[in-house]
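Chain nomenclature is as follows: A, B, C and D, assigned in order of appearance, with residue numbering initiated at 1 for each chain independently.
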Amino acid sequence: MDGIEARIRESFAKQTMMATFGAEVVSVAPGEVVLRAPIMDLAKQQMGFAHAALSFALGDTAAGYAALTTLPEGQEVVTAEIKINLLSPATGDWLVATGRVVKPGKRLAVVSAVVEAVTGDSRKDVALLQGSMMPI
Amino acid sequence: MDGIEARIRESFAKQTMMATFGAEVVSVAPGEVVLRAPIMDLAKQQMGFAHAALSFALGDTAAGYAALTTLPEGQEVVTAEIKINLLSPATGDWLVATGRVVKPGKRLAVVSAVVEAVTGDSRKDVALLQGSMMPI
Amino acid sequence: MDGIEARIRESFAKQTMMATFGAEVVSVAPGEVVLRAPIMDLAKQQMGFAHAALSFALGDTAAGYAALTTLPEGQEVVTAEIKINLLSPATGDWLVATGRVVKPGKRLAVVSAVVEAVTGDSRKDVALLQGSMMPI
Amino acid sequence: MDGIEARIRESFAKQTMMATFGAEVVSVAPGEVVLRAPIMDLAKQQMGFAHAALSFALGDTAAGYAALTTLPEGQEVVTAEIKINLLSPATGDWLVATGRVVKPGKRLAVVSAVVEAVTGDSRKDVALLQGSMMPI
């Protein structure tokens, strides 16, 4: 596990929101971070689907850490803004979020994320995010 | 408590995500719904602020129910898309989200929400959301 | 005409896109700038309404100059990102865009804009924008 | 030229905004439409770059027609909402916008677009858009 992956796993471990959702880091590569979380009973909306905020939490966090892979050690990022389009009802066993850097930047990094719902061997896209992360 | 407020409180009670965050309905009026939640230890990001997903969850849900106040009984709404701009670190005792209908619609309702952090008597805006809710 | 209004009118005059659309500065106040343009035949979409890009151009530019009113002399702003929700078909004599600063900032200013279509004495909202301007 | 390409070229020809910008249809394929326009003197902002509204106009229109390729004959689409992140100053000879369908839909199609600036043989991304098109 290299330096950047260690930094991200350490930061991730401090995010109590991620623990609340049972989320874990799947992989870290330059410009791309994958997270996943089970769809648990505690994170649903009124019709029994995963709440949009769960897709948001995973997509936003994956995209933020993707931006962090492009920054020098000692920096953090915060979300400046991010937009989510919901594509299908979030049902299944897991949500998997893949965050990517579209354009790195010292003042602002543009990022995107795709969130998929996984049920056994089948996957479907449930959300697409596009946003800006601010290094601090 | 009139019909629409009862419908919203009933629907809200089914959202396990809202219970997870300790959220409650503050008020329901035509075109405007206010929610609040304490900033709890379980909903933080790596620097100890409330996670953007908490502001998102409250703002998105308040905006969705604001749209629902403009629709006939028996309808639900789902978020088609929503964007959040983060304005300040979300620190304090409570987050209060006020969702409003900008433009009602049978196919799509345009909505906005403001999320404020409250500490004792002081309030600050922490997030602004703008999105589209789809009646189903 | 004070300093900030003069700066904005001078900058506006350099925007050939604004001249192409026949746009003019209606008013400049701290944190709020109003622009307008006639709905001309050269700026339409396939159904004869004003193109979304005309509402975008006016809303984005009004919001950018609103941000500029909060910055020291000698600075410019560029749009980092902005989102537009279209509310009604843009038909009428004029479009009027009111840009406002939601949250000033040295690194990023959060802004919004409303675009209205005006026909004689009647007005209707046609677009709502929310975005981030970056001082440079 | 098959039916869908003919429909799109016919609709495009009615968009006076596209003629104002000297835009043309480069290619039409199922779920993907490419447009381009020269960066002309009439479409600039105050620093001499192409105005964000030019990138927006091309990206939004390309994305709208991409959505149209997935719909039955006789339908039109209008933009419900779209967000643009600006990636670099839009300088060069041409802007080329590639619109794609992310998720087709009868009520709402989710779309994206990339806008590139082309100077001789070199290309750079200048804008990324994500939005929703509404069939009517």
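One rule holds for everything that comes next: a contact is a pair of C-beta atoms (placed from the backbone, for glycine too) under 8 Å apart; a residue touches a chain by one contact, two chains touch by 3 or more.
Bear in mind the structure is a predicted one, so any value in this text is a computation, not a measurement.
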{"item": "Label of the chain whose CA centroid is most distant from the centroid of chain C", "value": "A"}
{"item": "Contact-richer chain pair [A-D vs A-B]", "value": "A-B"}
{"item": "Geometric centre distance via CA averages, chain C-chain A, whole Å", "value": "33"}
{"item": "Chain A and chain D: spacing of chain centres that average the CA atoms, whole Å", "value": "28"}
{"item": "Geometric centre distance via CA averages, chain B-chain A, whole Å", "value": "21"}
{"item": "Contacts with two or more other chains, residues of chain C listed in rising order", "value": "80-81, 83, 85, 110, 132"}
{"item": "Chain B residues touching chain A - in the complex, by the definition given at the top", "value": "11-12, 14-17, 19-20, 41-47, 51-54, 56-57, 60-61, 76, 78-86, 89"}
{"item": "Chain D residues within the chain A interface of the complex", "value": "83, 85, 87-88, 102-103, 110, 112, 125, 128, 130-132"}
{"item": "Complex contacts: residues of chain C adjacent to chain A", "value": "80-81, 83, 107-108, 110, 132, 134"}
